[in-house]
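Note that chain A is present in both complexes that follow, paired respectively with chain B and with chain C.
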Partner chain A sequence: MRLFLYLLPRLAAMIVTLLGVSILVFLSLRMIPGGYADILLGPFVTPAAREAISQRYGLDQPMALQYLRWLGALLQGDFGVSMVTRQPVIDEFIRRAPVTLELALIALGLALSVGLPLGVWSGIRQGGRRGVDMARLVGALGASVPDFVLGSVLIFVFSVWSLWFRVGGYVPFGQDPVGNLQTMLLPALTLSLFGIALVLRTTRDAVLRVMTEGYITAAVARGERPRDIVRLHILRNAAIPVVTVVTTYFGFLLGGAVVVEVLFSVPGFGLYIFNGLLNRDYAIVQAGVLLAATAFVAINMLADFLYAVIDPRVGASE
Partner chain B sequence: MRTLLDWLARIWRTDFLSAFGLAMLGLLIFLGIFGQWLPLGDPTRIAAGPRLGAPSLAFPFGTDELGRSFLPRVVQGIRATFLLSAIAVLISACIGTVLGMAAGYFGKFTDIAVARGADILFAFPALLVGLLVAAVAGPGQFSAISVISIATLPLLIRVVRSVTLSVAGRGFVIAARVAGASWLRILAVHILPNVMGAVVVQLTYALSIGMIIESALSFLGLGVQLPDASLGSLLRQGSAYLTIAPWMVLSSGAVLSLAIMSVNLVGDAVRDMLEPLKGRALT
Partner chain C sequence: MKRRNLMGTAALLALAPLAVMAQDTTLTWGKPAEITGFDVHVAGTVASWEMYQMVYETLLTTDADLGLAAGLAESWEQTSPTTYTLTLREGAKFSNGRAVTPDDVIGSLERIKNPETASYWSPQLGDIASMEADGERGIKVELASPQATFLPALAHITAAILPMQELKDGSFDPAAQMLGSGPFMVESHKQDESWTLARNPHYWREGYPLADMLEVPIIPDESARIAALRDGRIDFTSFENPDAQGMLANAGNIKVEAQQTTNYYRFDVNALDEASPFHYKRVRQAMNLALDRDAINDFVFGGTTAPDYPVPGAFGKEACRDLDTYAMPRDQRLEKARGLLEEAGNTSPEVALTLSSANPVLGRIGQVVQQSLGEAGFDVSLDQVPTAEYLQKVFTDGDFDFSASWLAGYTDPGMVIKWWNPEFAVWNGVFQENVPELSQALDDVGAMQDGAERDAKLTEICRMIDDGANLLALVGKSDYLAYRDDQVDVVLAERSGSANTYQFIAEFEPK
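For the complex of A and B:
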């Protein structure tokens, strides 16, 4: 019940946010110079053909009505048709979903398994100068080397000395698991560097903040073992900001890491949307932005849920 | 001035990373502003050296496919990357401060509208906004600036709003209101100075985000267009010759990473100075 009352207003806010997102996306694509008929029919369009297209897609109707119809279609899963293939774009997104999901999960796993321990360690041992400087340096490096720079360097290194990895040439996991990992690990590694830095910095800051609390002093005074203090008092109380950035990061990854997918030719969301833009196939860009924003908002909802699970005080007053 | 010097001296002694960041940022800004008058070579002169020549004394960063010296190109790129990101971030700082203060101070409907708007903007992944803006407005510097502004605006709004909320209930603000000060005066004289610290801290982070977005957009060919140089467009240029002339990607990538890192390190130092967090070690 507490959880329900806590989540209900957030659910309402989420719906408002998604409506706002859809309005912005709708308006932005209506602002493309030339309009839909010209994009579809090219420069040699006759007035009659333009008229026909306008009528067929309802472009001659009031904007608000157009929006409502478009929204109604969206809610029924109709995200528009690719101008190049004449297929519904949503089918292509569904086909590519496992690729982007796999990439996101590997990157997230790497970020957590490296960032969390390092962050906790450097937060607790703040007295040790060298360790702190190392953690700060890793954090600063990870937050500063853009993914396409790291990716380019990795491509250079591994296309000169192949070692075990492969650059490009994606194969589905079901077909050839080893070959799949050979191609996916490098892009995932590229994406995870930023995540590692993000998790490390946030964890360190959160741990530092928790360490100033009275109950830590009390626990030390009671003579509890440092290991227990970390496990029982610090980790749980430091978890909330970490959950915030990790879910934000995951939402960003799900939106399709455009640059990394383009760089490594990983056939996920990002590459599809980017190619859609290059082909002036705007239905793809529109659907991609909408899907990414929806995924992001849904993940944030999940974060709100996790807050309430981690910290019983959350939502208690509502 | 005196305190600033003291601060610099203390940082140099106690905090090597921040000092490194400050020095690096100073050097890069110097290069960005004055680099065009330094004797580094002509960035536009074709066939100044061999095509795709390896780094040498005459061409420290090598030459590109047209035989142009790459070092002055990189210096041009530093200027463009810093300038575009700084303009964009300043725009979003101005808008974000006004909106955030309004939301925090007036509350009620204003607050709901602004906070929801920030949420909506925040839901868009920056690069996808970049693709959308490129679709609508065409690629170019204008697109890059608007994308960076859109991406960093929600961060500034949120911070300013939360600081304003905590300040608005304090005694001096209530006293000012009781004394009959107008809302404009209260916001400008009493709240703005208290918000500025948080804005400055957020600005440095926004600047580093802006530089990443700018270079990523230019790398994808959606921001600064060749032959104009930004660090991202140089990377794009170099990535076509990655395996035979890696110095183009390596040099512009290294300079870009250093630039972003110096901004981040300075941001950390500024934050530690403005928002000191006193903690103690467990052991």
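For the complex of A and C:
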């Protein structure tokens, strides 16, 4: 019951947020210059041709009517049809979901497996001065090198010297597991660098904060083993901010890592939404942004739920 | 690589059965961009045309000299200035096995002409007065007025022949499917990711295509396409960027061919916006003179192309070549340009060059032009925007000073030159001045057959175009085809007229 009461207002906020996102994405798409008629006909678009294309795709209707129709269809599970292929966009999102999910999971795995130990290590200063400096360097690099820069460097290097990896494209895991890893590791590595920095810095700060708490001093005074202090007191109490950033980061990854998917031609959500935006294929972008926003707020809900599980004090007042 | 002289087409056709391959063979084409729509009569983008050319066919096609050659029509005849008779090839079938009929031809051309289709190719076909079937394979077309470019217009992929019977009975939707009589048929499509095409078992050229399957991964990033070529994942691809030649120079099994085309890079100059310095003809003329087309060729294209003319150089016509814009030494042109700017009372015009971000070559052209125009006193800023925004600014709103793009030269000088008449073209109506004498001359040349009289008229037109300096040809646009010569034998035409680099895809042979 405590959990239900804690999550109920968040659920309501989620619905309002998604409604706001739907209005924003719908309006902003129609406010940016150029439309599908321009893309389809290239320079040859004439007023008559534009009108014919607009009629064909229902774009000649009043904007409010277009929005309400889209929303109505959305509530019935109809995300619309791509203007380029005339196929339901939801089918394409479902087809791409495993690609984006795999990329997100590998990137998250890399971020956690590097960022967490480094963060704890530098937080409790067990690596000595040099270790702490190295962790800081990794954190600073990860936070300051944009993914398009790292991705471009990796593409250049590995397109000249293959070194086992493959640049561009996608091979389904079920079809060829090794080929899948060859194509997915570079984009995942590109994506994970920021995640490593994020997790590392957050973990280090959280650990440093917990280390100053009285119960750590008490644990030391009680003669508990350092390993137990770290595992039972430091990690558990430092977990909440780490869970927050990890879930936010995972939501970002699930929303489609646009730049990386475009750079490496990974056929996930990001590439689909990016091309949809370039082509002014409204249904794709609207559905994509809404799905990404849904994933994002749902994961934040999950984080809220985890807070309440990790720390019983959270939500008690509600 | 085989350079294809189409004079040998007949001999090849006769030997075709010998070329039938027993084993399953697959070609892999690394395509740089996805199509923008399925409807072959509507989409006006090269990315779409390239895919349509795998599946659809036109009545006519072109030979090595860009002359007309048989396509779906095995013969054609012009019986009067306005009357044409075409005879369909026996055995031509759509990939569903149904024979191509005169009704498909008539229905397809009517569909292009129908304003509801919104086909940009409608004006190029001219004013068709009537069409009727002439026997089982003949089609008689009557034009309302002479149009010498009617037949070349049939050779462009946008004039593809669709299965009209299936379209009418609803079993084929041209906006969502492809069903043609070309060498391949679509087996599956993953949007923005890949296409799988299979051999059309009913293709009229027995034994062709030589490949059973054509896999088409979409790889927009140039470096990724280079990597895919290097590790052998793709057999062939193309590049806009001439640097590909240099980047692949030392890759053992990879060859890069530059194919000459009738296409050229161009500037659209806004003569109609009163706020633009180019509203004044003297300023436009000064800009045209100050342009250093040789520098564009040298610095952007590494000398692989050449300055080009409104009548594309690839057609071998002399028209336009003796204009000051091309023939006068650059220092004299600069002097003349400065004089024109003084006459216009604006010795340092500030102008913005609007560019689409889709093509990296355009940005480089912009940088060279920025410098060369600066020598005459122009202050040029570059405005690179997303494609849809560029298209709207330039072709709908007319909200720009000048912009860079490229123009398809097609297969006859009379086709591309028509775009200088804004009433005919319509797409340039927001920035192109309507000069009645020029429009009349363009109408006249449209009715003339190739020959000395038409060449003289083209020369006259060139002078008028140069005087208006409203739509400028810059340098020829070559296509750069890269392929693995250990994986595929490719066949290329010496020259291409309508972005038809893969005209002979049926003859590409996997190794």
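Basically, the second predicted complex is superposed on the first by the 274 of 318 C-alpha atoms of A that agree within 3 Å, B and C clash if a C-alpha of one lies under 4 Å from a C-alpha of the other, contacts with A are read in each partner's own complex, and residues count from 1 in each chain.
One rule holds for everything that comes next: a contact is a pair of C-beta atoms (placed from the backbone, for glycine too) under 8 Å apart; a residue touches a chain by one contact, two chains touch by 3 or more.
A quick note: this is a predicted structure, and the numbers were derived from the prediction, not measured.
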{"item": "Which of chain B and chain C A:Tyr282 touches, first, second, both or neither", "value": "first"}
{"item": "Partner chain in contact with A:Pro267 - chain B first, chain C second, else both or neither", "value": "second"}
{"item": "Touched partner set for A:Ser159, first chain B, second chain C, both or neither", "value": "both"}
{"item": "Which of chain B and chain C A:Val178 touches, first, second, both or neither", "value": "neither"}
{"item": "Partner chain(s) touched by A:Ala140 [first = chain B, second = chain C, both, neither]", "value": "first"}
{"item": "Residue contacts on chain A - larger count, chain B or chain C", "value": "B"}
{"item": "Touched partner set for A:Leu75, first chain B, second chain C, both or neither", "value": "neither"}
{"item": "Contacts of A:Tyr170 with chain B and chain C, given as first, second, both or neither", "value": "second"}
{"item": "Contacts of A:Gln87 with chain B and chain C, given as first, second, both or neither", "value": "second"}
{"item": "Partner chain(s) touched by A:Ile32 [first = chain B, second = chain C, both, neither]", "value": "both"}
{"item": "Touching both chain C and chain B, counted on chain A across the two superposed complexes", "value": "32, 152, 155-156, 159, 262, 280"}
{"item": "Chain C-touching residues of chain A, taken from the complex the two chains share", "value": "32-35, 38-46, 48-50, 52-53, 56, 82-87, 92, 95, 152, 155-156, 158-159, 162, 166-170, 262-265, 267, 271-272, 275, 278-280"}
{"item": "In the complex, chain B residues that touch chain A", "value": "16-17, 21, 116-117, 119-120, 123-125, 127-129, 131-136, 208, 212, 215-216, 219-220, 235, 239, 242-243, 246, 249-250, 253, 256-258, 260-261, 264-265, 268, 277-283"}
{"item": "For the chain C and chain A complex, residues of the former touching the latter", "value": "34-38, 42-45, 115-118, 120, 173, 175-176, 189-193, 217-221, 223-228, 230-231, 233, 386-396, 405, 426-428"}
{"item": "Partner chain B, residues of chain A touching it in the complex", "value": "13, 16-18, 20-21, 24-25, 28-29, 31-32, 124-127, 133, 136-137, 140-141, 143-149, 152-153, 155-156, 159-160, 205, 208-209, 211-212, 216, 220, 226, 229-230, 251-252, 255-256, 258-259, 262, 270, 273-274, 277, 280, 282, 285-286, 288-289, 292-293, 296-297"}
